[in-house]
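Quick one: the structure is below, and I'll ask about it shortly.
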């Protein structure tokens, strides 16, 4: 099995799409130099700085530019270096990219990909560590995807670029160098809107995405010999959510734990709880549980920020707690 | 086109704009049209003068006060009127409305209700035009109030840096809502910002149709020739309140009277009476023709069906393309 | 009983706080002229244009200015004319206002009030009609309140101004001219974080806020003679949520319907569902229900936008449906 | 202060900054300090020259590269070092870190990791200072990369319009991350934007401490006197990569060598050898003293406890005040 890092997989996907379609352009701060993490390294050499374009530090205008270009026929991929800075482009993304197809009665299409990097890693503090996917998933007209492994990274970036709608492609910085099976040259597109059941189980469903997928799989492996069989779902697509897969799983297991690195209140977990309990109320054996970062800004200190990253230990605790609680309260 | 014919054509276009806006106002007063409406009565010379050099496949973008830009770009006035009236036959099926007109068949890419938001979008149209290599240009209309937004400044920089084929048309009507430009900036001429970037920039009398026409002719050729963006600031005046229903108490009546004197249509007509021999009868016919076309558009809109309830949440996402 | 409109109540609250504390300043587009709806009318005459300050159309910088001024001792009240335009100030609000107290280890306080107007009214279309409170409630460090009646409007605006944290005070445009009992001169502050039980009931809890409160009360009145006794809760504070009141109510009624005008997915209703089912799972007689705007941009046409405003009829349908479903499925 | 003493004092302050940054770099290399660190080695003359005119109750704000601004404003180097090292004894209890320093006891209001974000915040400090009526001023530091952000432009406008007591200090080091200024704008001198607003604006050699000192002296007096904002653009150079760990391959080695020549500390020392009779021994003592103070700060930080786990999510909201 050929291996690659998630970062390499994204780069490969970008490369293939640029080669495939001359309407694909890259825009972002220092993208022609690879960007701070090297994701776009080599693209300018391959496709020229006409198509791989360094931009000034003007997130709002560059986002607008990409949207306007998409409206008249290009398929731009814009990089916002940290999701924290998407705050500077929210007007363009939310009031324009997401709404122009609708407001124009279908006259305009906005085939735009927004690559953006998120998460806690490297003790960067409150303004370089957020996970803001729930905002974006609350915006009709946007799609939101996030990969947990190289193969999905490549498949989803290709799907995002080929989609005729604005798609926000979220990359977790802590996963860039995580290795996994390579998708391979010209690999298939991963359809947007489909979750992946990575491990089947009987007693509880763990739904998560991004960096927490690995933690969930590890936890599930550790729980199995103890008689708790956990099903692990990688959501992959946060807007739209694959409710069919989720609900089917919870119907079977009767329990759900949602895990994310975004702060607890108002995260993706909340929406999942609303819809799963609506669809599978009578199949639930206990409350839907949420494991997430504390509702707080993220501290810079390495002594503190780790409490904001749900990992294997926290998942184990939450799952075990669920079964204990059942004994007591249920 | 010989000059005399051109003059008559331009006059007709201004009348079409004026008639359109006056009809919108009338339909608003009678509650046929609802919503938040910003009319550009008094500013017609800018829209008409600017668009007179554009091809159908050139891109135009506007803002909250952009009915006239769409009309001047050649959009179908029936479908525009129907859109503003919220009807199914409107350009956007009633989903867009007054502030969000789109008429892609005429190259009117979009208007936006977010002050300044159209400027970055227009960079994108210009970027695509440049890459397309077919000598297309983009033109963006915005007001003086937008000149204090970050979007405006970030866009001037990028347009100049990348030599985009974009013409910035600032309709400086001296007011943002209820407050004069002097309450918003010390910079009296927004063109000065463009100069800082080395962009050719002109400030002119935006109620003088030929002045706009001439300046835009040069600006559009420069952009079309790949020589980069141009900034054209048109000093003008809206003869109505900020929005329909605004009593505009903040303006001095004397000021309004003075500007009525400068009404771009009457002024242009006076000028071409001598220069191109326009007769009163001809003028009357031009106006009447415009009003008739707009009356048709109004009747079309009124007779049009409302959008179906189940259209309310369709077209949120485009299907696969 | 003296009556006043919600708009007048806000104005009175602003007036009293400006009179009480010279550190209170108003900033916003045309605020010294009353703003487009007249909320701040008369304040400049009373307190001078030094303290009631018209600003350029620079939402981002003006938000930053207000935050910076708050950090060094003023108590600014900034108006963002439509919540749709808060997209232009999200960096300052989220990365700065919300985090500075935390990031500074408590050295800074940000006693900032952000007044912002929202909702569907007047067929203004997709960029002037949104309800984006869920974004703000997802941000640790921000408080979010919204009144449904004049008395709360006055009480909450005063509480917001006196609070040492950034508080977003959301005004529903459709309620500005709604009349109700006046709070009276110098009336009490309405504490942030406390919901109001406006009608007691036994069979179902309807939790809502803003414009939908009146609809919920009307629906409850219509349901009562039909034997369905609905408890109506006006949340008032969306961050923090008054979970005690909500959970207590649901424990009693066994059912919950959440109603909001924001689009369905990812709205406040989702967070409420997550937390109520966690706290009161075994007391629930049926799934938590949500009534909200369709997940779509808001159309301009008057023939369409009304489908985006949940009203009495929709609430009646949802409540009746809940009891029908119980018969069938539960 | 007599000139000779002033010169020695300024030299000492530059050394304190240099020693601080070099120590941070050392502790980063040994993994005592982690995080995203942007050092200002080579830019000390700006921080020191600018802050030398400030009272403790004047406000300073900075960005991602602002250790030196806090040091120069007089913040306690121990608590700064501890903060950067993530310790409980740091100014922010470890919650802020390198990019979000706050030292209110010294009037250092805040740094921010969002490029350009500090500029609007500084408007607010200046607004409050003006209203307070105690002749306070605010000073904001930012880079050339921030000069293309909307925040920067919106802020220039407001500061000039409202005559805020604010000094804009642009540290133009010619690079934003890995790309030169020429890739970001055609405007070589950011001070030109300030001129458009009628703001007094100067571009000077930011590695010449006395040039900065003099310009800032005038700028601060003007602001303090209620005459409005001033813009001071300091051309300088960072002698390190964009962040610690950046190999800075994008820069030509010759360029770096040339700037090493211009090292603001060595240069100032050479100058005051003649002008104020600084001896090699004195200079050595000044440097040694700075290094000793910083070594103390480092030891303090290293010996300090880590913040308690239960501090992680406290101070999200302020209690009632």
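Order of writing sets the labels: A, B, C and D. Residues in every chain begin at 1.
Please note the rule applied: a contact is a pair of C-beta atoms (placed from the backbone, for glycine too) under 8 Å apart; a residue touches a chain by one contact, two chains touch by 3 or more.
Bear in mind the structure is a predicted one, so any value in this text is a computation, not a measurement.
Pairs C-D and B-C differ in how many C-beta pairs touch across them, and the larger number is found at C-D. For this pair, chain A with chain C, the centres built from the Cα atoms lie 30 Å apart. Annotation: 41 Å between the Cα-based centres of chain A and chain B. Taking each chain's centre as the mean of its C-alpha atoms, chain B lies 37 Å from chain C. Listed for chain B are residues 93-96, 100, 112, 114, 148-151, 154, 157, 161, 184-185, 316, each touching two or more other chains.
The multi-chain contact residues of chain A, meaning those touching 2 or more other chains, are 56, 58, 60-61, 84-85, 88, 91, 95, 99, 102-103, 125-127, 140-141, 295-297, 299-300.
Shown here, the protein chains touch in all possible pairs. Touching chain A in their complex are the following residues of chain D: 34-36, 86-87, 93-100, 112-116, 145-146, 148-150, 176-179, 183-185, 250, 306-307, 309, 311-313, 316. For chain C in complex with chain D, the residues that touch the partner chain are 25, 50, 55-56, 58, 60-74, 76, 91-92, 95-96, 100-111, 140-141, 143, 163-165.
Of all the residues in chain B, the ones that touch chain D in their complex are 148-154, 157, 160-161, 184-187, 192-193, 196-198. Contact residues on chain B toward chain A in their complex (touch as defined above): 59, 61, 90-96, 100, 102-104, 109-110, 112, 114, 117, 119-129, 131-132, 150-151, 154-155, 157-158, 161, 315-321. Per the touch definition, chain A reaches chain D in the complex via residues 29-30, 33, 36, 54, 56-58, 60-61, 84-85, 88, 122-128, 294-297, 299-305, 307-308.
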